[in-house]
Amino acid sequence: MRIGVLCSGGDSPGMNAAIRGAVLRGVDVHGFEMLGFMDGWRGFHDGEYLPLDRLAVRGLSPRGGVILGTSRVPPFPGGRGTPEALRSVAERFRALGLDGLLLIGGNGTQTVARMLSDAGMPVIGLPKTIDNDLDGTDYTFGFDTAVSIAAEAIDRLRTTGESHRRCMVLEVMGRDAGWIALHAGMAGGAQLTLVPEFPETIEQISEWVLSVRDRGRSSLVVVAEGFRLAGSEAGAVGTQVTREGHDGFGRPRLGGVAEVLAPLIEEHAGVETRATVLGHVQRGGPPTAFDRVLATRTGIAAADAVARGQWGMMAGLRGDRIELVPFVEAVGRLKTVPAARYAEARRNFG
Amino acid sequence: MRIGVLCSGGDSPGMNAAIRGAVLRGVDVHGFEMLGFMDGWRGFHDGEYLPLDRLAVRGLSPRGGVILGTSRVPPFPGGRGTPEALRSVAERFRALGLDGLLLIGGNGTQTVARMLSDAGMPVIGLPKTIDNDLDGTDYTFGFDTAVSIAAEAIDRLRTTGESHRRCMVLEVMGRDAGWIALHAGMAGGAQLTLVPEFPETIEQISEWVLSVRDRGRSSLVVVAEGFRLAGSEAGAVGTQVTREGHDGFGRPRLGGVAEVLAPLIEEHAGVETRATVLGHVQRGGPPTAFDRVLATRTGIAAADAVARGQWGMMAGLRGDRIELVPFVEAVGRLKTVPAARYAEARRNFG
Amino acid sequence: MRIGVLCSGGDSPGMNAAIRGAVLRGVDVHGFEMLGFMDGWRGFHDGEYLPLDRLAVRGLSPRGGVILGTSRVPPFPGGRGTPEALRSVAERFRALGLDGLLLIGGNGTQTVARMLSDAGMPVIGLPKTIDNDLDGTDYTFGFDTAVSIAAEAIDRLRTTGESHRRCMVLEVMGRDAGWIALHAGMAGGAQLTLVPEFPETIEQISEWVLSVRDRGRSSLVVVAEGFRLAGSEAGAVGTQVTREGHDGFGRPRLGGVAEVLAPLIEEHAGVETRATVLGHVQRGGPPTAFDRVLATRTGIAAADAVARGQWGMMAGLRGDRIELVPFVEAVGRLKTVPAARYAEARRNFG
Amino acid sequence: MRIGVLCSGGDSPGMNAAIRGAVLRGVDVHGFEMLGFMDGWRGFHDGEYLPLDRLAVRGLSPRGGVILGTSRVPPFPGGRGTPEALRSVAERFRALGLDGLLLIGGNGTQTVARMLSDAGMPVIGLPKTIDNDLDGTDYTFGFDTAVSIAAEAIDRLRTTGESHRRCMVLEVMGRDAGWIALHAGMAGGAQLTLVPEFPETIEQISEWVLSVRDRGRSSLVVVAEGFRLAGSEAGAVGTQVTREGHDGFGRPRLGGVAEVLAPLIEEHAGVETRATVLGHVQRGGPPTAFDRVLATRTGIAAADAVARGQWGMMAGLRGDRIELVPFVEAVGRLKTVPAARYAEARRNFG
């Protein structure tokens, strides 16, 4: 069997480990021929790929990024999954001589995977995203690494914040879901955690910052990039942050939500406040052991699914097992932070 | 309500975070009075405890060890849970004015928790152990930290092993269950993983080491401390390793399984081999973000269980939720590495 | 003898270790009474201080920040070291019953130390700054930690940059001197390093980024916050960055040099480019072992200097020894990156 | 010019960075042809080498180990530098068409470098050793990484030691010089530091451990592998530790000084004590930023020395500069811990 591997969307720590897991299992145990498309759908369309054998994946488990490259090039020529576009992908599938395709990606990619599968193509999904906003799996690989990096930043900011009696605001990734902020904030003992799912007013935030100061401490506020203010200052935070971290004109945006929030806190609470935007550091470098294991097991499970012909499924984490989940259960819905989880983390009384 | 907290057994990264989670939730949200017994059951028997309020748990999330201390002092005067011994504990319980007790510990401690609960005492269990050998929960806090430390050691040993073309043997913790070896080995891409559950012969191990050398690489062997050799050399590894890391006379043992295995590999495979015993480093220092979150949530869930009067339960991780599990489901059985998981990791073909 | 300790200016990893070193040596070996002023000169003026004994400094070596707090409150009531102002400080000195003062700070603080010393006050300087821009010492404590954090960020950004074939721009601290950029860039193998001392044109930068792309790699550009563009776009980078990380109106500035540089590179080189501003993360958290040792030894040397009555000196690192350097040699000059060092790092051909 | 690179002795973090620095400077700036011998002198004798161009050293700065491999194969056929043996090496030098040789190694290797130089061969030395026992340089690359790893181990052991009220003994590398123990102990705030240069009696050690316990703390003892007990128990520690970490029969030794010392402390002080032998973990993995910069600059300086024809020198660190030091000043003497440095660290009163 000739099996393709394709990564799409933003990179996520663990992608290399997932590829390695799938290849070692697929090639050595199941005898597949495997190949990886370069730069996501671009390599698929251009027929540019890397043969994936044991040597190609040697030593990949601890390595960040992804050897194949990834991109946001759309799978469909015109950008939409019309019947015609799907036929064109299926043709390319045949022309490449593929017996199956492993699709490593987030919500968008798994939605595409489902469309291809519905159109009859043999596809398996491997969920990855640092944002953890994918349904059908307890956690996506890359998330734990992003949380670890953000938690370490909190640990660092806390000491300098307390030395200067400042409020420190840390912006972490999460446009639509606040998972990184929620977990990093809890791990780091952040005084306030602000997520896209639950707007707060600047008055409420300032009151909390003041109550922390009244207890003799300095506030550490962790805020997801997609957080929006409620109330009168709602316009102040939010407008500047647009999809893909660009302003409306396709240029990298200047400043994030933290850089708008910090002066507002300083103004309302009268506490000196500094902003830090963690940015791309969150998605790079060696994956945590947790992500390496999760990604490797996901890759192994995907290779086994191919061997059993279980197409049209995503390899998700369920408890301590990797299970195959039908695409219909996994895609379409964004997994967001539920109210009960937010209630535990919103404000830290410590 | 007056709620005690008690840690028993070996320390595990995340214990402080669990205490902090339980106290912030218990004191601030539920209005409990809380107190923590010093050095496990010793403090319970001696009536030595620390009042646990918000200030007492400030900044604890990232801190390793446990502020209360922990010990292996037995809960029962004579060491056995006889009816009389249980009555004596119940009396002490009343004398201390306790309305409930949170027991943070591993398999042994949770078994005690069940006995106390069966005897009518209001108890909630919080599972902790770096060994991850507890049933009723997907993972125990402390495990992820231990795996991370072991995986980092593998990353380090690999570079020096390859520079000198040596086989490196790393011994990690795990007397009865090979979870740390399994996960750290997979994360680090170890060539061989040896666990207590599945003995191997020295001939088989040597053959693998040689096949790795034939592919131009150096072997990294991760071995759990409880691993035993099968076959003719079975006596060589195993006899020296006894409970609690002591020799039969209560003195710290000299040398571990790695230090016996390394010269055997050198002898049988003819490959220069070096041993490293990671030891107590695995259980110290700041918990990973994963363990901090898991421990904090476990503490929160335990405080909530107290508030709802759900006694006789253990707060376990199930998928991405903390659920209360009756002791009967959680204790007694050791959770060991199943054959399917071992088959994925036993030998790495990369 | 009654010896005060005072920290002034921005915090720097290692300040706690320096205090601990001075106190353990001063109190236990030399029998001093020691006290630390809270929040820099504020505590000195307000008479707010912490008695510094063995217990007060327990466990401080690995801890970031500084237990005394630090601030930019000026030493002199009117902000200038007029004869009158100096007399007022000397009076306060006497009123506090001080026999000596250890001043932990950067260039500004050491200049003040010299003024006090010239005015007859018994003062010893301990040089700290993450910027490493102090003469009279090979390295200042805090610098190695900042470089380590920046180098780790480079390692992380590199993998995500290469996965997406993007140019990544990392802004590190350094308003007047490019030491952090120089060392972190060399440690991380940055393709380009841009420092305040040596302006470059956007055309030159873009040419380098393109030549890196032509060799099949992605550029990692590390830029010190004080870097200025030369040539036609000179106005574009620089105006927004002002002293203390504030805009001209005392509010935290929005965006740094990286956020201006990145779109210019994208425009001129036609390579997708992303900016990250590392910010306060660089000055927080546990110091590196190097900084802990340097700071501890500096504290010990300062206590010994007090015991020997060697006032008017700064405890500087010279090779592998801590030596006392007269203030006249240590302050006044900013230590900047020399041309020969920049030539080694400016452009990395790898 | 055709320049060889050769690594000899134990590996040391930073060797790859040094090779990269020398190659980027040598090939791109000076136009050398460069080649690296595989596995030290073995590759020199067998004529097995790797052409070293820009591509060969790409991305090497953060990588531990050494791409060329290293070994303890002796440079001289018979093992001794007889006139005949030197002639034979010189002949091989010519046969390989070398115009110069960069020798990366510790004391032994630099002594060989001097012999070759005295015999007329154009050689430059690059000092590396994690032990830091080389004269003629402030620090050797690899040392800072080893210290960092050991200091992190101390941080970890401390939390578990304090939770269990145990004395923890950590053995670090250092057969003849105690530099790693000295610096790691100071960085980690170890209560006791034991080095080969200064024997102590078990009675003295136990007294210190007890005085620490009397102050309510747990002892952390860091001991260099070459430490010997003074007094009546002198025989107990020392005999088992032999050159190269082997027993007298060439098999890896079982147990180190820590494993002998721990039960003696437990016996004499009556405090529960545990031993950890850090071992090879100290010499592997990514170098610290400090070591990467030091190694890169050493490589650059060596390439520049070649270009200027400054043979017979070692590139040493002097303050913040790399300087060329004649072999006569650099080799022969072991740099050991002086009494004044030991006095600062021997016993920590904190």
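Should a chain be cited, it is by its letter among A, B, C and D, assigned in written order, with residues numbered from 1 in that chain.
In this section, a residue touches a chain if its C-beta (ideal position, glycine included) is under 8 Å from a C-beta of that chain, and two chains touch if they have at least 3 such contacts.
Heads up on the chains, UniProt names are A, B, C, D = ATP-dependent 6-phosphofructokinase.
Being a predicted model, the structure only gives us computed values, none of them experimental.
Novice: Same or different interface residues for chain A and chain B, judged by whether over half of the residue numbers are used by both?
Specialist: same
Novice: What is the distance in Å between the mean C-alpha positions of chain B and chain D?
Specialist: Centre separation, chain B to chain D: 34 Å.
Novice: Where the CA atoms of chain A average out and where those of chain D average out, how many Å apart are those spots?
Specialist: 41
Novice: Between chain A and chain B, what distance separates the C-alpha centroids? Give it in angstrom.
Specialist: Result: the chain centres lie 30 Å from each other.
Novice: At least two other chains touched by the same residue of chain D: list those residues.
Specialist: 152, 155
Novice: Which two-chain combinations touch?
Specialist: A-B, A-C, B-D, C-D
Novice: Which stretch or stretches of chain C touch chain A in the complex?
Specialist: That would be residues 10-11, 15, 39, 63-66, 69-71, 149, 152-153, 155-165, 168, 245, 251-252, 254-255, 259-260, 262-263, 266, 273-281, 283-285 of chain C.
Novice: Provide the residue numbers of chain B that touch chain A in the complex, in ascending order.
Specialist: 20, 24-25, 28, 54, 57-62, 138-139, 144, 147-148, 150-152, 155, 183-184, 186-189, 217, 286, 288-290, 292-293, 296-297, 300, 318-320, 344, 348-350
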